[in-house]
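Same chain, two partners: chain A is paired with chain B first, then with chain C.
For the complex of A and B:
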């Protein structure tokens, strides 16, 4: 935990109210997000019990599995969920398309955004995607054609959720915890009702959130007392053949479990929408749109479902990419938001101060003997500076203008502008300015061998994938 | 059997296995200061003398430079190619050597008997390959880095210290757990899981560590294999040419360090920020005091003064290092660095800020066995640890809670147990501040 968020947590405990740790919104909230609250059945691995899903707060759809131990009923649920999700995905493509870059690549103007209450919800999406994407639509254990397609889209969203900065699948508690520090433990922070309680009214509301009769758990697990006293009798009705009765009971009771969380989800969306978006949020969402566009086209051209696990080369490539994105995400968060930047000022990786000297026209002899423009400025700062001479730094308002630290003399830092003199004027005397060494550099990753050339050190080339009935048979029985 | 004999036997067995051509890879586990670099230089030199060409992969520019200098000295008749990245500035010690060619393009170094570069640089080399390779500090290398360079060689000798820090990633992701090619594991771990039949050798003798380190470092960090030190009791000695004035805790911990090889300066218990001002000051005081007291180090018959460049100060975090550097601005020769960057280095005395000092919790990062192992095994004479009281209680309150993953080999030693072992020993050399 950073110094700022530790301090903010202490302030939250002291003041009885969550304390903001961001001044900008760092996640994208789509105009029409798809909110999904999944519930699973205790004791069965990721067996869906119910879900509340929809894009409008006054019109949620309730989907239930009247007997979660019955696999046919589970896949009937998957089919119903597929209808909602696939229509939502299709609708994104109707918002229009643009082209970009040298090759005029297409890119949809919108992309799907799935909002779940907590990290457990992301886990449900990932596992449910995995259990549906390999299903066969013919032969033994056939399912509706929409089910494997749903599996691919859920898998796509779950994979996007691993990428730092992606807003394609957001657990609401994590999105809130990025912007507010509460006075509770990080484990308690994954309770949506408690976290919202801290943000909107204080610790009493958070204490109330622990009562499952007032605020039922936001899933995917249900409250054990509910399981014993309400769910079990209803399922027994189903098992004894009274299907109509069972459905009516479940419909009523599961609604009581889901509706409070549904309201919280929309309350959280309102809270986040009220924050002004950070400058880089749009660029990160554009990356989500890019990924959506290319996956949409891949699915439509009949591509394979996502493999169960990464092969050696794919794994290394993915790790490189995730690392690049993490570094860029951490840096842009700070550049977008002075309160996040404060973390780096505490650790001495950034400093804020006043420009006390500025020489915009300074020229020095360059490599080729010609005199080149290298403006100089001196910043006076009271921050505990731990940067060293020779470090490259940028300023939030001048991200393309790279300056190098020439000298540090007490509270005076001398900087020489190295790159991007023309993208912004040299800071003038009297200007308040922040500089940091944390910025997204054009990080390069080396080319890895192709999968067919996987070297002996990593097990040699993998067997090429051949689709077979075994894929579907895996876990039916 | 003398340590020298044991060591020679092990080296011969390694070279035989490597040169036999029966295995595509040979792994050598080496405790701290067991002559890893000597082995690398010897293996390379023997290949070159046989008319072979080879590539060497090391992990940092500093390691590459060290190896280049050693190789150039050992093979005066051969041309050593030092391949580097664009931003690398050739160090002075390389510029002085006639048989070293430096270049950023591998094509310019085709005539070299040995081509040597960091793993990061090798990853960008294409269209060239070598029959033989040596991968140095292979336990510091990540599996995905090996994947990028492995197409460059046919067979390789992997040398490294399994007790050191595992490679690191800014990303937390469990999706590859249990896969033999998990890119987050160390290169050697991945290599051995994919090629279980490869021979694994062990260097048995640490030449660096003093005999006082063996009963701590061997059971804490090498619990199953152990090692012995090359020198016995009395062969190393730390003396001070001046007498301490008064009886300050710092002078007392120096006396303890001289007599036992270990010192533990214990500050009063307190929860602090990472950059604990008092602890930083205490570490700086101890390091400075070694200089002021005119410390002399004897090894065998050789007595040499402990100058600033023979002293290292280590800490877990970069901000702690920055604070320590600032506190030691008046003693610029002293090396101050994180555990990661001190790997593979050697000094007469080291002063360590204990990773758990002043903490409220013990996370996996702070409990990592490799971190403590690196920090407490860089010294030839003595190691002084500075920490706040309560580390033992903190350890008792935070047993390791790392999840266990299917198909993933359990990693030994356990960081929690290693920390307990080291703390138990340090408390025998405790000096309250």
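For the complex of A and C:
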């Protein structure tokens, strides 16, 4: 939320359609994303009921669990889902590999991208990953070897989803709400059909989206009336031993629940693809490719499944990294997109205006007594100026050229260029320019101790994590 | 409650039987204490679900039979065999040395018993337990009473109170899972709010020092049906609840505002008449009502064009201006701001200018 997005919401109410809050696309949309719409059974702990999944809009696979309370049937579903997900993951590595950096580290050219309808879908992926990654492939309750592997990949993707700027696992509503402001509340925005209704049509479509008989919920929860009137009788058929009949009914009924959302997912993909990508989208996706490559290699070298809980130092490191990524994400979005930068102009952390004076050849005495080049310029701006004298600022078109504010007089800001005079010419008189104090690398993090030096306040040095039989020996009944 | 108020509320309800409050509805009431419409409808015991459907704005939170079945079977399992699983958990998980297990189910004593009688019986049993006159560890389904806005409401509780060393604890059994010691934050918060309602009702009955602010939440562990227990400190929820209940406008004063003789009897009034009557009760819609109140879709319809319908944050960021139309007029400089609107207008004009300078046409 920001003043700009709230104002755009007001415009949307008045105009009867969503208003843009971004001019560029800030998420990566893969050439071949894996779309997944999971449904769960009400009352149970993340018990899968069905899923529609696939990489092609005209060819979705429908997976169903004919009795979600039955453990074996749940894992049969996990096995079927694993076949789809693991093949998709393997296919990413076939797109080729490159090396980078001074160590010539390997990096796959592609990475998996999982698209789900809403934040609830991300929750499903996380919990389903958790419930499958520790399962054993031998002994009592043995599952197919693909099941724990699926669990690890789903856990990997769910973990990536927490990183700001990652596009490895995206909830579609959040992706859309990053680019458009609707005329409804953010609570109502989590309804995919309603959000798309505002973007493509108007408030009537958004209202219609709330009718579960027209637009079934996009999961993971199902419509209670559907549960009571359609699902319950079908499951009863299964319980009474008429398995073929039950499967036929469920196949038909669950398809009607999932297909509308399937179409919406691809409509949303089209909308996002139509926006030109922001300059930093590729760099952020490269980070996703890096993480994918290292996890792929870790899994293939026989690494352990992700632990149930992070240890103290790992958790602190992770938190620090998430904060750093958030700062970088917020700043690069603004530098990539004038409509995002508008947020900072409203709060006074940026200003836009016209260059009215420019002295590219100005020299001042430096620290060592020599005269050094310090170009000067004056920008006239209508924006509220809340930055203070002495602040370092950059401009979206000249991110490596740092200027310092020397003086603010009414609507005139005097700046001195401090660094990067050669990367771009000094802005000339008459040029329109924006400056901001928001830097992608702005955040300084304190140094954390190594795992061996974990202080006693955080439990002392942790025991190295070894996946134990305890993890697998979970009660299921 | 004054007999006159009681009579007005009963007239408002008409011939339909009164709906009972429960901990969820009391907790929800304190979530939006400024809503007079909800306060009056709840005090009169009106079936909001039926009313909302009748006026053409049905509520959209039905309950799945799967969730109900699972909730009931989990509760039955925890209480089965003389509370065997519960005792084990309280001993092992919470380290309590419970020796004897006496219990009493206070749900019914055969036949139709008035709420008043059930409540008295619950009070006697609870008092006997905390004073040590009866060796009772578990007290199931005691009927509690709480003053809500001058209206005595009975809480149809679905709880076990357990007694240990002269202090009662509330046990809340919920069927959402605790996975790796973590559970859905919103569900835990809702459970804590509901438990606080029971703690408050018990404290009003027995005295503050007789009822612990630590409630015991029992949930399925990980992906199994095995129960696990955690203690939740509800002191914060108690303070909020107590504060909101004392702040709740006295129901008498809200009832006095109603036009004389009005009724919301679904059997005898048309949709238009019902809507006219509802319009005399001021609602305070906010988006979170959609998750907690049956009337929300009607109120949202009425609130169309208000900035608050977009959420409290949006309203604030639009300078607290009440309607979208006014905010946009001020933003475009088409309206002259009042003295109070001056700051908001300047902010809005600036936002509109900056948005307009960069937004695609």
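The working rule: the second predicted complex is superposed on the first by the 470 of 477 C-alpha atoms of A that agree within 3 Å, B and C clash if a C-alpha of one lies under 4 Å from a C-alpha of the other, contacts with A are read in each partner's own complex, and residues count from 1 in each chain.
In this section, contacts are C-beta pairs under 8 Å (C-beta built on N, C-alpha and C of every residue); 3 or more make two chains touch, one makes a residue touch a chain.
Keep in mind it's a predicted model, so treat the numbers as computed, not measured.
S.K.: Name the contact category of A:383: first (chain B only), second (chain C only), both, or neither.
M.R.: After superposing on A, A:383 lies in contact with chain C but is clear of chain B.
S.K.: What is the contact status of A:98 with respect to chain B (first) and chain C (second): first, second, both, or neither?
M.R.: Touch partners of A:98: none, neither chain B nor chain C.
S.K.: After the superposition on A, what does A:407 contact: first (chain B), second (chain C), both or neither?
M.R.: The answer is neither, since A:407 touches no partner chain.
S.K.: Output check: A:45 vs chain B and chain C. Expected answer is one of first, second, both, neither. What do you get?
M.R.: A:45 contacts chain C only, not chain B.
S.K.: What is the contact status of A:3 with respect to chain B (first) and chain C (second): first, second, both, or neither?
M.R.: A:3: touches chain B and chain C.
S.K.: Using the superposition on chain A described above, determine whether A:339 touches chain B (first), chain C (second), both, or neither.
M.R.: In the superposition, A:339 contacts chain C only.
S.K.: Name the contact category of A:311: first (chain B only), second (chain C only), both, or neither.
M.R.: Only chain B; A:311 stays clear of chain C.
S.K.: Return the chain, chain B or chain C, that is in touch with more residues of chain A.
M.R.: For chain A, the partner with the higher number of touched residues is C.
S.K.: Kindly classify A:188 by the partners it touches after superposition: chain B alone (first), chain C alone (second), both, or neither?
M.R.: second
S.K.: Could you tell me if A:224 is touching chain B, chain C, both of them or neither one (first, second, both, neither)?
M.R.: Once the two structures are laid over each other on A, A:224 reaches chain C alone.
S.K.: Once the two structures are superposed, pull the chain A residues common to the chain B and chain C interfaces.
M.R.: Touching chain B and chain C on chain A: residues 3, 309.
S.K.: Name, in rising order, each residue of chain C that touches chain A in their complex.
M.R.: Within the complex, chain C touches chain A at residues 60-71, 175-177, 179-181, 220-226, 287-288, 290-291, 305, 307, 309-311, 313-314, 317-318, 324-325, 327-328, 331, 347-348, 350-355, 357-360.
S.K.: Please give the residue numbers of chain A that touch chain C in the complex, ascending.
M.R.: 1-4, 6-11, 13-14, 19-20, 23, 41-46, 127, 130-131, 183-188, 210, 212, 222-225, 227-228, 231-232, 308-309, 338-339, 341-342, 345-346, 352, 382-384, 474-477
S.K.: Can you name the residues of chain B that touch chain A in the complex?
M.R.: 24-25, 120, 123-124, 126, 143-144, 146-148, 150-151, 169-171, 173, 175-176, 179-184, 187, 190-191, 194-195, 273, 319, 322-323, 326
S.K.: Where on chain A does chain B make contact in their complex?
M.R.: It comes out as residues 3, 162, 164, 309-313, 315-316, 319-320, 322-323, 326-327, 330, 347-348, 386, 446-449, 453-459.
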